[in-house]
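Here the structure comes first, spelled out in structure tokens, and everything after it is commentary.
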Amino acid sequence: MTETMLAARMHDVSAPMLLERIPTPEPGPSDVRVRVKACNIVPNLANVLQNWTTWFPQNPLPSLPAIFGLDPAGVVDAVGTDVKGFKPGDRVYVNPGRYCDSCRECRSNNRMHCQNFAFSGYFGLTPSSGIMLDRYPYGGLAEYTIAPQYSLVRLPESISFETGARLGYLGTGFAALRKAGVGPTTTVLINGISGTLGLGVALFALALGAPMVLGTGRNRELLDEVKALDPQRIHTHSLADGPVDGWVKELIAEGVDVHIDALGPGADHSVFNEGLKSLRRGGVAVNIGATAGPVPIDVHHMMDQQQKLIGSCWFSAGEGQAMVDMAASGAVDLSVFEHIVYPLEQVNDAISGISVRNGGFSNFIISPS
Amino acid sequence: MTETMLAARMHDVSAPMLLERIPTPEPGPSDVRVRVKACNIVPNLANVLQNWTTWFPQNPLPSLPAIFGLDPAGVVDAVGTDVKGFKPGDRVYVNPGRYCDSCRECRSNNRMHCQNFAFSGYFGLTPSSGIMLDRYPYGGLAEYTIAPQYSLVRLPESISFETGARLGYLGTGFAALRKAGVGPTTTVLINGISGTLGLGVALFALALGAPMVLGTGRNRELLDEVKALDPQRIHTHSLADGPVDGWVKELIAEGVDVHIDALGPGADHSVFNEGLKSLRRGGVAVNIGATAGPVPIDVHHMMDQQQKLIGSCWFSAGEGQAMVDMAASGAVDLSVFEHIVYPLEQVNDAISGISVRNGGFSNFIISPS
Amino acid sequence: MTETMLAARMHDVSAPMLLERIPTPEPGPSDVRVRVKACNIVPNLANVLQNWTTWFPQNPLPSLPAIFGLDPAGVVDAVGTDVKGFKPGDRVYVNPGRYCDSCRECRSNNRMHCQNFAFSGYFGLTPSSGIMLDRYPYGGLAEYTIAPQYSLVRLPESISFETGARLGYLGTGFAALRKAGVGPTTTVLINGISGTLGLGVALFALALGAPMVLGTGRNRELLDEVKALDPQRIHTHSLADGPVDGWVKELIAEGVDVHIDALGPGADHSVFNEGLKSLRRGGVAVNIGATAGPVPIDVHHMMDQQQKLIGSCWFSAGEGQAMVDMAASGAVDLSVFEHIVYPLEQVNDAISGISVRNGGFSNFIISPS
Amino acid sequence: MTETMLAARMHDVSAPMLLERIPTPEPGPSDVRVRVKACNIVPNLANVLQNWTTWFPQNPLPSLPAIFGLDPAGVVDAVGTDVKGFKPGDRVYVNPGRYCDSCRECRSNNRMHCQNFAFSGYFGLTPSSGIMLDRYPYGGLAEYTIAPQYSLVRLPESISFETGARLGYLGTGFAALRKAGVGPTTTVLINGISGTLGLGVALFALALGAPMVLGTGRNRELLDEVKALDPQRIHTHSLADGPVDGWVKELIAEGVDVHIDALGPGADHSVFNEGLKSLRRGGVAVNIGATAGPVPIDVHHMMDQQQKLIGSCWFSAGEGQAMVDMAASGAVDLSVFEHIVYPLEQVNDAISGISVRNGGFSNFIISPS
């Protein structure tokens, strides 16, 4: 550790990030400092940087100049006086979700429902969540970051920092599968299976034992690549080949048990709806995708058929720990990703370059140290 | 019991019912025969009789000529050889939900998710549900009906047949409150609080201890009548006075814990959406209303805020038993209804006359015997 | 089908069964008749036949002369008029659990809690359960049996009748694992892992993805045979080598997430308690074994450590269906059993012969037809 | 605030506390300082002070000299830099449960299962929990205490500090009722209903709507006083008048839905067992009492009857908030307590004097400021 560190900072909304030396931060009593070895450039980052203040003016960005960077992984470098479970040298992923610990939901230990929930290095989820961004202003696009002990996932030796930095989107999928109760007797449909989000859902649906994993997407080559992960259990369908629900009902006449929607922000609303229509009576849909705008949903049908639509946002560090433990034991295979690694100096190139990628298989990483 | 009984039968879709004498049916081994003392004329019956085959051509009506009648209450008159828990003379409500007991969900004891679920005396909920309508072809608009023992709710002496016949719409509300986990620390919003469905939700939300019950509707006089049930806990809002969510946030800044939508079939979609927007982060919406057509829902907001939309259809006989036990112990007050009773001979008048009513307070009943 | 069938009947408690010709029974409207191809001789049968009336005088045996036989598998031969989901020729396992459908729990669709729950062909679980034994008096030790449609598990072609007849003990273990929420992140301890019950728990714990399965038993050779099923995930310990909890804490310092107790009736109470002491704070124990008599439990420790002890009895047909579907898809391996098949004529030999067996790997079967 | 404060400290195990002036502590970034207006002297405190190191040598007491005091209530006096939800002047109860935020359970937001869970001002629950006692060494028997923001319950104006200081034992009962799912259709048996713990269970069972609350105890006068709280719903039974289960089955033939055991440390084991035997098939028992030593439990019966025994320890601050909100809205009546208030100087008298009390109605309070 030195007295200053290199950080990429955004001084104006949508302006390119500048590389600057700033004082290396000190951890508070319940925090750790992490030397960042890898930080994910998530597909949606460019959108957030450019459009957040227009699209979601009610919710805050980090105060400017801001260090972004959603999913850091690295090595614990210093620990606060009240940190007992982690020590310098520990390899960790930092879950960016931040809890206020004083709202009613936090005090009830429902911290994922925190009324001030924010993503450190990204944005806040509620109008009042700026207090959490101010409390944790160091995102992952810097040599060091500061993280509360509750946010840490211990990385087994067999998990690289690049894979660790992928946990955010993977965890979003894992939490959705858990909310839907997916296991060895549950069939699952995934809209957007070949994307960064959907591919993670598929990997963990397989790991949880789902006997049939149905996935839709646009790019047939990518769909084939996904199917190759488990040709017996995975079935894919190109959106160019007709409505999703028609295809699903051919494979499972009564419909699927669970639908996870992982579509990107530009997706056609009809695809979301076809996912809902693919459910069996009593089925459960979970939305983790970025489908935006008002989706015309047949709530009467959902009622008649006793169906649920669950909105699921992110995951706990404990769920992250479960995921890497599964990877370490061989229960899930996280070796399928192709890591594209940039130094911190090329952060702006990385953010704009991510538009050309091999679906969810590509993993864009900044390695600041 | 005599060899024949009087029954109202519909010979053609949307034709008036004819009063006819037909053979009195015998109960099967696990069924009982009930002498019907009261059968509800639910608000939606006229719609079903006239428009079902157009609106929901995929789902069956009872075979013609058909005996309709959704919610019968009466006296057990004969029992099958395998019926041990009920005996002639028992006062009962008959839950019209019918389970096939052979689909995967039934064999898993999730019978509310039965793939052949049907409402005896009303319609089937799935394309294959005609088998259940054929198995139980006797609705409540006749002197006798046949009901499986699993459908029976034992009526305490203090519950009249007229009140018992109201259990269907009440139970729909009760089951919704249970799915949402409503209790003494849960705030509840009810869209359509003064209607037949919404009023029942309000009564049981109070009984379950909800500290604040917020309700919306159109008719200010009816809303005042609802508020008078518990002026301290109930708050009402006329849709003419502005959007629902704005009003809710004035009363509870962070939003309500639970929203139950009990709107009628003609409701404006914006009201449904304002209900969703009234939820706090982590809140739960349950739809039991008849809102029809595609409702434009902001699924992205639901995801960000970890919110659920649950479709809930009907309730079990056990839930019905819980409700009448609560009424008997004084936990819920079911004395608020005004019963309008017709003989079976005036069934057609009753069906058309229900359009003029005092909101959910009116209870239209046919008394066939 | 012929007018009479061969059946093994017990005329006096603990007397040998007699082979007799009796009228072939007809199925009721919601029942099927099954031609029995295989019926399990469960390890505890001899005990039940000889000691039930002494040990559990409050709960009934089937009326004498009685046809016992807990777990039949065979071919549907005739169906009642109300059976729509099964037809003659279907290969099925018959779950012997019988529900009354009229008690409060049944009417709430909690049929596993039926107050008249009985095992057809075995015994009743409550003082009033004789009504269910009388309703279904035909156990599996006969050429034909009668079963309600809700009790049927459709056997995939790849599952033999001998394996199907093993579903009872397997399902008891599967249901316990489900109640404890076992999955890819849950460590599991099984007391009695090499027995008929415990081996099934182990097979399904592996199938559900448990990363560590710890098992105890007496016979070291059998324990080695169990460990060979998955040498990496399964760890075994002989009770001769010291207390269970000491061994467990060496492997998992904080204790196991879940303990399933599957000990036989003669087990030492200390082993049950060592299982409880092996739990981590917040851990869950499920008892499915036959440990009898008062077990001295430290309820204060369970309270301090937020632990649960769940009593779990049997499983639904839906859970049975899930299990065979998992076997058909390869998720669980049921090929490990050694079937010892007797004709119906040797039923008494089979019952007494089962005391000599290769632990849970042996599967004693009567093949009546 | 002044630079020093008065505190009662124990310098040796079982020695009387000494009144001393020590430096007034400063809150950490996520903590608040509370000026203590009332601190409960819980019935078990004398036992803990004298016998803990003998009875539970594996679990730590606070480091000596130690400030004890389990349940403080008072006024926030200073807040750390990261505390946003509370401010000086707020009236609060301090939940003494402390979480480490770094073990797997904490990082999964199951903080009640924290592997380092400790009661500040009382003792630790696990061998490693000393780290939490060292982190929060200030119990309530002093002019000021330090508390993390997650531990705070905001007291409505209508709740006095004396009542607030009672929340610990009340919350233990409330959490047990929630784990058992008690509501308007659940019958409840409470062993030890007239004690400090049991009386709280009774008050909240009534508030949650339980239709029948059955309670046992020794002192008939106290039982009568409890019954007078709601003569219609509460039924009491003196242990001198025969076994608990016999009495229960007379009132409810099939048994109670839920049993909460709140017996004191000296209770006869047979009473605990009679509580278990009072459960219906499928019933749930929760132990929150101090019954010590091995209780001989019939686990075979629990298995046959699908019953659970849940150990429940304490409650979250969110549950505490729910309780006082219920009191403020009138849903629960907490006005039944008789407060016996001592100044801090008489702390040793109070601790020894508590043995003479009017059952759970007496509330022994130290008022340090």
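Here the chain labels run A, B, C and D in written order, and each chain numbers its own residues starting at 1.
Basically, contacts are C-beta pairs under 8 Å (C-beta built on N, C-alpha and C of every residue); 3 or more make two chains touch, one makes a residue touch a chain.
All values reported here derive from a predicted model rather than from experimental measurement.
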**Asked** Which number of steps is the smallest that gets you from chain A over to chain D via touching chains?
**Response** 1
**Asked** So what's the Cα centroid distance for chain A and chain C, whole Å?
**Response** 42
**Message:** Need the CA-centroid distance for the pair chain A / chain B, whole Å please.
**Reply:** 41
**Fill in**
Among all residues of chain A, those touching at least two other chains are 105, 110, 112
**Asked** Taking touching chains as linked, do they make an open path (line), a single closed cycle (ring), a hub with spokes (star), an all-linked set (complete), or other?
**Response** complete
**Request:** Would you pull the chain D residues touching chain B in the complex into a rising list?
**Result:** 183-185, 207-209, 211, 233, 322, 325-326, 329, 331-332
**Parts of chain B lying in touch with chain A, wherever the complex brings them together** = 105, 110, 112-115, 117, 125-126, 254, 261, 272-273, 280-282, 287-313
**Asked** Where on chain D is chain A touching in the complex?
**Response** 28-30, 82-86, 100-112, 116, 131, 135, 148-153, 316-319, 321-322
